[in-house]
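Two complexes come next, and they have one chain in common, chain A, joined by chain B in the first and chain C in the second.
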Partner chain A sequence: MKYLLALAVRSAWNRKLTLGLTLMSIALSVALLIGVERVRQDAQDSFSQSVSGTDLVVGARTSPVQLMLYAVFHIGDATNNIHWQTYKDIAANPAVAWTIPVSMGDSHHGFPVVGTTTDYFEHFHYGESQPLTFSDGKPFSGLFDAVIGAEVAQQLGYHLGDRITLSHGMGGIGLTEHADKPFTVVGILARTGTPVDRTVHVSLEAIEAIHLDWQGGAKIPGFSIPAEYVGKFDLTPKEVTAILVGLQSRAGVFRMQRYVNEYHAEPLLAVLPGVALDQLWQVVGVAERALLAVSGMVVVVGLCGLVAVILASLNERRRELAILRSVGARPMDVFLLLSAEGLFITLSGTLIGMALLTALTASLVPLIQSHYGLTIIPRFISYDELGLLGIVMGVSLLASLAPGYSAYKLSLSDGLTPRI
Partner chain B sequence: MQSKRAFYSIGLMLLLIVVQPTTAFSVPTIVSDYKVGDRLQQQQQHSSGAKSTFKQVTWDDLVPKGWDPMKGFKKLNLSKLKDSDPRAQEALQQMREAWNNAPVEPKMDGARIRIPGFIVPLEVVRHQITEFLLVPYFGGCIHVPPPPSNQIIHVFPMKPLTDMQSMDAVWISGKLETYPSDTSMGSASYRMKAEVVEPYKPDEN
Partner chain C sequence: MANNGVVKIENLSFRYPKADSACLDIQELHANAGDRIFVYGPSGSGKSTLLGLLGGVLSPERGTISLLGHELTKMSPSARDRLRADHIGFVFQQFNLIPYLSVTDNVLLSCRFSARRHSRAVASGCTLHGEAARLLDHLDIAPELRHRPVTQLSVGQQQRVAAARALIGRPEVVIADEPTSALDAERQIAFLDLLSRECIAANATLLFVSHDRRLASGFSLEISLPSLNRAQAAQEAA
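Let's turn to the complex of A and B:
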């Protein structure tokens, strides 16, 4: 048996170019398959990490998934705002323990700006009920104070005391700046791995203040209210975009949801974050499965290539195998020789693929994080992926039986008789 | 001879391609067999083995014996009232409030029970549900008010649930705790630290 393995390795080395190429195709296809699976899992994880302890998300009537997306993940736009009086009514409900109003629509260098209250820093939780912590500074207290997420601070190189200006709308570099009313960075939040990292937080009153001279939908030339005079105006918020609600008793969530959905003064929607996220996975799941199926097929193509290469080599190895048989190798030994070769190539291809993927994710993590806000954790292999790799190995075992069987059927005389 | 061998090999490869996507890449389907409003079948019968320490109960057992939300309007002859009658409107309102303040069955406090229901996830961390509500019927039915508080169990599974999503049907087993409505927690409620959460199978028992 030992000799047989040594022979298999040497014989394979003799055909290193073709086998090497097959090895690469298997490595790449395994890397693709596991990569797709990994991105899918990490995307879902970072989504479900983003909110914890919030019982209901309340906003203008829209689809539950869309409400979740814009209120918690800051993806897409709100369909409508809700009135301040509505917020006060919901906050005053005896079943409600705490509320976080959020007001959206402005940005700073592509990072979303969220107007909120200091309740945000107290009640907002993520991951496994972890509260927000400050790596530097404190919550906003003045009108033009801003608290920035870790990613904003890192990418734009901001420190405490820096002056920043907000842009109207959600452009990259907004041409319509609120340049006349700069903000001061008073706090930087510790990294969370959630959309909070990419957010600039200001007070609700500040959102009112910067829009005082925007009543026409655009800045009116010649009409502007300097920052030092905005204090003279009534800065009570008139609208908010969404409300995160925490309840006294979580079992009362359906009744509160009913109350919000039937709220008489304006059409509202309340969603349970866990349920809305499940709905999101169901929508995204179709595309995910398609992607996984495609990468599965790529693996099949890779394995077919492997089988084809070994089968094709059978012809040139006719002599080699016949000589082996003539010195005493049984048909079974020849069968094992060829099967082992196929299995060995898939095994090393899988290992190389995983190493490739690990190296790739490790080097691309910062890029993915900053461009897509997606946290991918570099790791060599995880428990869930073992199943997928096991399937690949099982199929490759079956596939490598084919050339083994063909070689098994070759008779001794067949290889030793020269054919013209 | 040669062509026959090649034929077998190609056949084997094709078989792999055909078989593989269906077996290896079959993923759980999202289509549920339940329709909105469905309740789970439950036989009043004690199962054997490890489950026997838990008494199997129905959702009706969670409603106190003798509690009647219609008690307030026994004297009203409802069949004589028209829909537009203000007294009918008032009665409906009262009944809704009675349901809202539905009491819990005090005898159930500390009972070790086993009950089937549907999951509404509250806390999901890394695909694992660590906290959820168990409700008696499937789907959020928006035509009628939600289940009253004595038909909801707030569950903290001892081991986080994997591979479960909203409205999956499960059996939960554990010690039930009651919180009457006079506590600071607001309305009355049931809570459970579930020792066992297992997928619901209709042919069980």
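Let's turn to the complex of A and C:
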């Protein structure tokens, strides 16, 4: 048995070019499969950890998924805003421990600008209830102070004291600038792996101030209020886009949700972030499952190639098998010899694929992090991936039986004298 | 177990699963220990079938084959495989060697599947490799060739390595199937002499199958398969 395995290895080595190519295709397909699974896992993890500790997200009535998209991920626009009075009502509710109002609509070089209060830096949590921390500077205090996320700072190369101007609207190109009222970077947040990294934070009052001389989404022609004079105006916000709400007790979450949903003055929607994130992930998840299915098919293609290569070599090896039979190998030995080859190739292909993936993730993690804001945790293997690899090995075991069986039949019919 | 009956075939008939008539039908064939038998077998005379039956990879329709007193027809296929490994050495026409193994590893292949031949080889040569080296020496394979890949050897050298593989561990029977057909006339005689000499030295029964009657001269007995095989005679008569 041991000799048979040694024989299988030496025989495989003898055909190292074709088998090597097959091995590479299996290694690559395994790396792809596990890579996709890994990105999928980490994307889902960082996705579901983009907000934590917030009991309710409140916005104008829309779909829960859309509310999450703009309130947490700052993607898309709100259909409607919430009146300031409504915000004050909700904040004053005895069940409510804290609130974070957010006001959106402006951007800076494609990064969303969020108007909020300093409560944001105190109460916003992400991941496993981690608070926001400053890698540099402090929360905004002056009117034209801005606190930027780690990603914004890194990509645009900003430091404390840099002056930035905001653009009206989302997107990057062709936007009108609030050039007359520049902001100063006073704080840079530490990296979180959440949308916070890509956000510019300013005070709600600042949002009011830069829009004083605006009406209906455009600058009023021939009318301008210089930055020095905005202090003379009432900068109390009239509207906010959404509110993140923390409750005194989680037990009251459904009562509070009902209160918001039945709020008399305007139509509102309150969602539980966990539930909405799950819903949102189900939408995104279709693509992600399709990707996994495609990479699974790539592995199947790799295994088919392997079986084809081994089967094709079988004809050339009939005499070799007859010699082995003549020195006493049983048909079962021949079966094992050929099956072992397939298994050996898949096993080493899988190992090489995993090594390749590990090396690749290790070297690409910073790049992925900075380009896609996706945190991939370098690791050799997880339990879920082990399950996938188990399936790959199981399928390859089944696939390897095919050449083994062909060789078995062939060695029975050829006996000692193959007819070639 | 009869002392001198190494190979004993009686009333043997064999038909391939899909054939409508028998391919081989032999009344009787005997070989004793130390016999060196030339089996004249032109193509189509049922030569391969006879080899398959003797080697235990084929099973006759009726009749008996016994090898060293073991009744092959009463044994399981894997027991027949073990019997073949323990007691028969084969030399084939050409491409006799496993291309990815060295000369020595090809010779030792016989000992990998048979514990009996392994221990007998060790007993007669102190070590397994020593015995392989001794046989290769006897068969005129220079020591520097022993660790080369077999693909670098000439056809004549390859056949002599195959002979060493057939002889190692002193099997009782050596079956050679056209081992010289790829060699030129001069080398044919030389190879035959070497093979005969080593079989005598090992006291092995040699069954030498060939279509070339000119080679029969040095053998103690000549058998003509076409006249022995009643199935073929019947076909030709029809």
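Keep in mind that, in the parts below, the second predicted complex is superposed on the first by the 399 of 420 C-alpha atoms of A that agree within 3 Å, B and C clash if a C-alpha of one lies under 4 Å from a C-alpha of the other, contacts with A are read in each partner's own complex, and residues count from 1 in each chain.
One rule holds in what follows: a contact is a pair of C-beta atoms (placed from the backbone, for glycine too) under 8 Å apart; a residue touches a chain by one contact, two chains touch by 3 or more.
Nothing here was measured: the structure is a model prediction, and the numbers come from that model.
Enquirer: First (chain B), second (chain C), both or neither: which does A:Q44 touch?
Expert: In the superposition, A:Q44 contacts chain B only.
Enquirer: Identify the partner contact of A:A402: answer first if only chain B is touched, second if only chain C is, both if each is, neither if none is.
Expert: first
Enquirer: By the touch definition at the top of the document, which applies to A:G161: first (chain B), second (chain C), both, or neither?
Expert: Neither partner.
Enquirer: Check the residue A:V253 against both partner chains and state whether it touches chain B (first), chain C (second), both, or neither.
Expert: A:V253 sits against chain B, while chain C stays out of touch.
Enquirer: Touch test for A:L303: chain B only (first), chain C only (second), both, or neither?
Expert: It touches chain B, and chain C stays clear.
Enquirer: Tell me which partner A:P226 touches in the superposition: chain B (first), chain C (second), both or neither.
Expert: A:P226: touches no partner chain.
Enquirer: Using the touch criterion from the header, give the chain among chain B and chain C with more contacted residues in chain A.
Expert: The larger set of chain A residues in touch belongs to B.
Enquirer: For A:A329 in the superposed arrangement: first (chain B), second (chain C), both or neither?
Expert: second
Enquirer: Which chain A residues come up in both lists, the one for chain B and the one for chain C?
Expert: Touching chain B and chain C on chain A: no residues.
Enquirer: Could you pull out which chain A residues touch chain B in their complex?
Expert: Residues in contact with chain B: 41, 44-45, 48-49, 52-53, 55, 94-95, 127-129, 248-255, 257-258, 261, 272, 274-275, 277-279, 281-282, 285, 289, 292-293, 296-297, 300, 303-304, 307, 311, 391, 395, 398-399, 401-403, 405-406, 409.
Enquirer: Please output the residues of chain B touching chain A within their complex, sorted ascending.
Expert: Interface residues on the chain B side: 5-6, 8-9, 12-13, 16-17, 20-21, 24-25, 27, 30, 100, 120-127, 129-133, 135, 140, 142, 145-147, 149, 152-154, 165-166, 179, 184-187, 189-191.
Enquirer: Could you please specify the touching residues of chain C with respect to chain A in the complex?
Expert: Interface residues on the chain C side: 48, 51-52, 55, 57-58, 77-78, 81-82, 84-86, 90, 92, 95-101, 109-110, 112-114, 165, 177.
Enquirer: In their shared complex, at which residues does chain A touch chain C?
Expert: 3, 10-11, 13-14, 319-320, 322-333, 412, 415-417
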